[in-house]
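What follows is a pair of complexes built around chain A, which joins chain B in one and chain C in the other.
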Partner chain A sequence: MIRLPLLPRHRQIGLGIILLLLIVSPPFLSSFLLSLLTQALIYGVLAMSLDLLVGYLGLPSLGHAAYLGLGAYSVGVLTTRYGANSWLALAVGLLLAMAVAAVFGLVALRATGVYFLMITLALGMVIWGLAHRWVSMTQGDNGISGVPRPDLGLPWSFAKAIPFYYLSLVAFLFALWVLWVIVRSPFGQSLVGIRESESRMRTLGYNVWLHKYIGFIIAGTVGGFSGVLWAYYNGFVSPANMELATSVEALLMVALGGRATLLGPAIGAAAIVFLKNLVSVYTHRWVLILGAVYIGTIVYAPEGIAGAFTQLTKGVKPEPLRSKV
Partner chain B sequence: MGKKLLVSVVGVLVLVAGVGPAPAWAQKGPIKIGYQGPMTGPAAAVGKDMANGLKMYLDEVGHQIAGRKVELIVEDNQGQPDLALTKLRKLVESDKVHVMAGGLFAHIGYALAPKVDEYKVPMLYPVMAADDLTQRKPAKWVVRTGWTGSQPSHPFGEWVFKTLGYKKVVVIGMDYAFGWEVVGGFQKSFEEAGGQVIQKLWPPLNTADFAPYLAQIRKDADAVFALMVAVSSLRFPKQYQDAGLKARFPLIGGGTTFDEFVLPSLGDEAIGGISPLIYSAALDTPVNKRFVKEYRAKFGKVPSYYSETYYTAGRWINEAAKAIGGNVEDNERFLAALRKVEITDAPRGPIKLDAYGNPIQNIYIRKVEKKDGELWNTVIQTFPAVSQFWKYKPDEFLKQPVYSRDFPPCKYC
Partner chain C sequence: MEFWVIQTFNGVSYGALLFLLAGGLSLIFGMMRIVNMTHGSYYLLGGYVGLTVIWGTGNFVLAILAGALVIALVGLGEYNTFLKRLSGQELGQVLTTMGFALIFQDLGLVIWGGEPYTIRTPAALSGSYQLGELYFPVYRVFIVMVAAAVAVVLWLVLERTRVGAMIRATVDDAEMARGVGINVPRISMGVFALGAFLAATAGVVAGGFVGVYPGADFEILPYAFVVVIVGGMGSLKGALIGSLMVGLLDNFGKAFFPELSYFTLFAPMAAILAIRPTGLFGRA
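So, the complex of A and B:
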């Protein structure tokens, strides 16, 4: 639907303006809005990584918060307990998320659809339970507080809100670029093929399981990356980071933004972060508003925000994916 | 006088006051108090109790503190640490509050403390009871006006052994920091007095079905000590009775197992439960009777300790602001004043802070009884002026690790 060889001109301009705003606006924003924007970028990374599974592979996961937690706890434990430097914490966070995804993938990929949902849910709860009960390592429910801002050995410091925002923006763009390259590659195209028809891909000679497995690991690793960022942003890690609610929220970000569009889920993430934090300032009934937004999306824009936008600008319904594969 | 007339008279007065030579603070606008608590989600009812307590106090003083208007900003954190941190940022950075009061769960207290220190905006913790915040990991800008989890348990443990005469007790507690601290304090003083904790069971927070735990309870116990919170407090006593245990092992517990927040929802199964806490709605003092009566008139229910602590937090802010002439912008002085506050006639009794910043206050041993068809926590014993260290020497006490699932170790299990 959006995976065209080149982005149409008006889309390029639109994205360029958004990027420009993201770069220019921080000094003019209140620090609270800036912190929400930083949150949106970090959750954007999580949502995009989940989009690789949900959108491109058609595997809805309910345990994606586990990878966020793994990345976040790696940073939390390493920096507060061992004073590890940020690059090491980042590397460990990514490797740990990758390793756990590699193990979980073996189990989860035996199933599809609802069963995949249930298995990933259970696996996610295993990681949550570990964080909750392994008190000597994770400090249990109390969580790990006092995580310092990263020190990357660069000439400038990320302790303040604005530099950290730019760091998050760079990290976000990097994650976007990595995922973009992956989904545009032949490998990414074959993931879509698998989503559309596993049996056809199998008869064409693709190793379907291996494709899914690699996709699963990449999604987990990028999810871990968002966790690393989150720990540095928030300065605090707790089992609440990987509760079921967080996984559900990530899934909603993807659905709200539009599956298989990468940028859509990032926009969905921003929408949810702002709705959750800003609307709740004005009313305690904000959950109701959030619910209305979801229902509205499902009824009027089943392809999410990105899908609705495509329809608006093109004036036509997006081509069904099937015909392309 | 009609409402409109009143408003216009007040308006004119304000105008006149504005024209005349006003003191320096008049240009500074209102004193802003930031509150955050769980206003939605599973603990929303408790969050409302807390906010109501604070609002009731501010209503009483006509939203005027030290001659300045008071603005209360209420934020919902859903009982989630991440959201709590976001709301903290919002209150400080956007709303520019002068002082905060908030929080329910102990672990959120740990999460917020470093950030509060960074912002240098005083925050009152009227409920969050994590021991170490006034023990091994003190936070300068956190002013705890509530209690530590183990504070009521210390005198209670010894009292249970000496007065109730129980020798062997089985403990069943929620598996998180607050649970460990309440249980740990009890175990320490109970065993030092000569008792034995013979079994410790740790169901996770918000457990719904206790059957697997109840079945494990050792039959040679004299009593069972339960520490339940929120949803679990509602369910546990009934299941305990249904399992046929109530008749065999008397039920004692931490204060939150039987607090006024859950009592109206419980039935006769709760009668006889004994627990210690810093407050009981049944306290027979004129101040408390008036507080309970007015709270009921306003909100239609008996105040819980959550309401009392936030009500008193409002008073606390008032006393401190008055002491520095309303100049709350001077945050260092404001903090110093907050630490010096002494209240002799709070609904719960006299309160002042110890050298470590935790209140020295009365601990009440309370027994659930039925009066006029309602359940009340009748006070059967008062320990006056108990500190978080009780009879222990602070520096020696602080050498032991913070109470946890494995500390004190279960020697008699």
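So, the complex of A and C:
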């Protein structure tokens, strides 16, 4: 078995400092910045889950916001209508996202490249359409409001902003750990192998379809986890959470941060959350600026922030991802 | 009976509008494999340009032509400066075209404001034809006729002319086409401009029917994609049949199962894809 090297020393130090800042800074931040930081963590989970598909498997999905929606609506419906326990809502959210990914994967994985993009887009629209139209269940465009903060049966209450932030941080680190273990496992390495050459992996005797299918389901489930967090954070769930623009935004987070790096997309998510919210404070034309960021990312930083960082610290150009992506 | 005829007619006329929008998109997909998120913006901006021309001149035909030509140039610019360089990079294309879509959306808001508008249509196209107990709005019949004319012209060009043969060859196998001396970059450019032209035409025509309003770009985009997916990329026949199917499914879905209407549109599509991943008439 191959042992993958851990991160280089200077990165360990860098990440340690970031983690330390994330732990100690909240009491010193304004409530606005703290809410942005919480959002960044939650979108970070979504972006990392998408990175498993885009970065490691080379399958860009245009419907990933659907899983966020599934997790969020599970919480929304269960807590406001049935007063369900937080653990139950979490379990249902994850299981629903997993089940839908298991069904969608059967359809979507028959295609690759542009076809995969289009099929995931359409499947994402199915979920969006249900949220939009199935009014008796989802309250349509009005959305579901009044989702309470989670009660985990622990001695702490998460109703206030700072405790909820720490809960999000723990959830983020947990998702990161899970995905980290997966991508470094032999299974994760086989995903990279499939991205690089499907036919070669098939020749080596791997069940390529099954590996992709499992990867697809994991990505969807973790995406659902981000939705559960989002519903509890925001207290409000609406079809806008999972429209096409959100799916594309998740792709931007991955590309901006750097594909197949996990932490890169999380940083990309933070960058986009802060950009959207801070720029919109100063100008109404923030959509224009966001559009320019999309184009600028592709023109100037095709390998993302992580790629630029590697170039900066090592003085070498990062090896380009030769995938079909 | 009356219900069925009217709903079918509405579905067909909506399908005709979708064909105008998606016909070009299908050719763009088939030829360049570009997932063009800007296509809905061409539709909306076309409507806005048409609106301005109508306000200035009152001439409906001029509005359609001006909208279509201006947007064709916009599309050409976008393709030449950015998309051409990104061939084969799907993620890059999606994000770049999404960037343009956001920029166009905001520019539309800056220039034309947030109000919904309706494009004033000529008197000859208002009112309805009466057939026994049934009324058919003239404007919807007009849309069907425009779409039919475009379909016939496109079909003639693709099947009966030298340029059409070059386009088909490029859709089938761009590398071979280049090998036998076809100027693939120029053909691709032309097809991209044609796609933008048709989308803008659809936008102006739709302006007299559902109106021009912010958000119409991202509202119509998934429909255009679904048409292309169902029909198969690069196939005109596929786009035609796909448009009619989507138009009818959407209409009957909304009539019968209002709560599940998007589901009734996308679920059959997923079923088709499960059987034929490249769409009804697409080739891998």
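Miscellaneous remarks
One rule holds for everything that comes next: the second predicted complex is superposed on the first by the 314 of 325 C-alpha atoms of A that agree within 3 Å, B and C clash if a C-alpha of one lies under 4 Å from a C-alpha of the other, contacts with A are read in each partner's own complex, and residues count from 1 in each chain.
One rule holds for everything that comes next: contacts are C-beta pairs under 8 Å (C-beta built on N, C-alpha and C of every residue); 3 or more make two chains touch, one makes a residue touch a chain.
Fair warning: this is a prediction, and the values are worked out from it, not measured in the lab.
Superposition model on chain A: chain B and chain C are shown in a clashing arrangement. In the superposed pair of complexes, A:234 makes contact with chain B only, with no contact to chain C. By the touch criterion defined above, A:156 lies against neither chain B nor chain C after alignment on the C-alpha atoms of chain A. Judged by the touch definition given at the top, the superposed model places A:174 against neither chain B nor chain C. In the superposed model, A:132 lies in contact with both chain B and chain C. Of the two partner chains placed by superposition, only chain C is touched by A:291; chain B is not.
Using the contact criterion defined above for the overlaid structures, shared-chain residue A:143 touches chain B, although it does not reach chain C. Within the superposed three-chain model, A:82 lies out of touch with both chain B and chain C [touch as defined at top].
Touching more residues of chain A than its counterpart among chain B and chain C is C. With both structures placed on the common chain, the touch criterion links A:31 to chain B but leaves chain C unconnected. Using the contact criterion defined above for the overlaid structures, shared-chain residue A:277 touches chain B, although it does not reach chain C.
For the superposition on chain A, the stretches of chain C under consideration are 39-47, 57-65, 111-119 or 165-173; the one running into chain B is 111-119. 132-133, 135, 287 are the residues of chain A that lie in the contact sets of both chain B and chain C, per the superposition on chain A. The part of chain B that touches chain A in the complex is made up of residues 39-40, 75-76, 80-83, 85-86, 89-90, 93-94, 106-107, 110-111, 113-115, 130, 175-177, 204-205, 404-405.
Listed in rising order, the residues of chain A touching chain C in the complex are 54, 60, 62, 106-107, 110-111, 113-115, 117-119, 121-123, 125-126, 128-130, 132-136, 243-245, 248, 251-252, 255, 259, 285, 287-288, 290-299, 302, 324-325.
Touching chain B in their complex are the following residues of chain A: 30-32, 35-36, 39, 132-133, 135, 140-143, 145-146, 234-236, 238, 240-241, 276-277, 280-281, 284, 286-287. Residue ranges on chain C touching chain A, taken from their complex, read 29, 33, 35, 37, 82, 86, 88-92, 94-96, 98-103, 105-107, 109-110, 218, 221-222, 225-226, 228-229, 233, 258-263, 265-267, 269-270, 273-274, 277-278.
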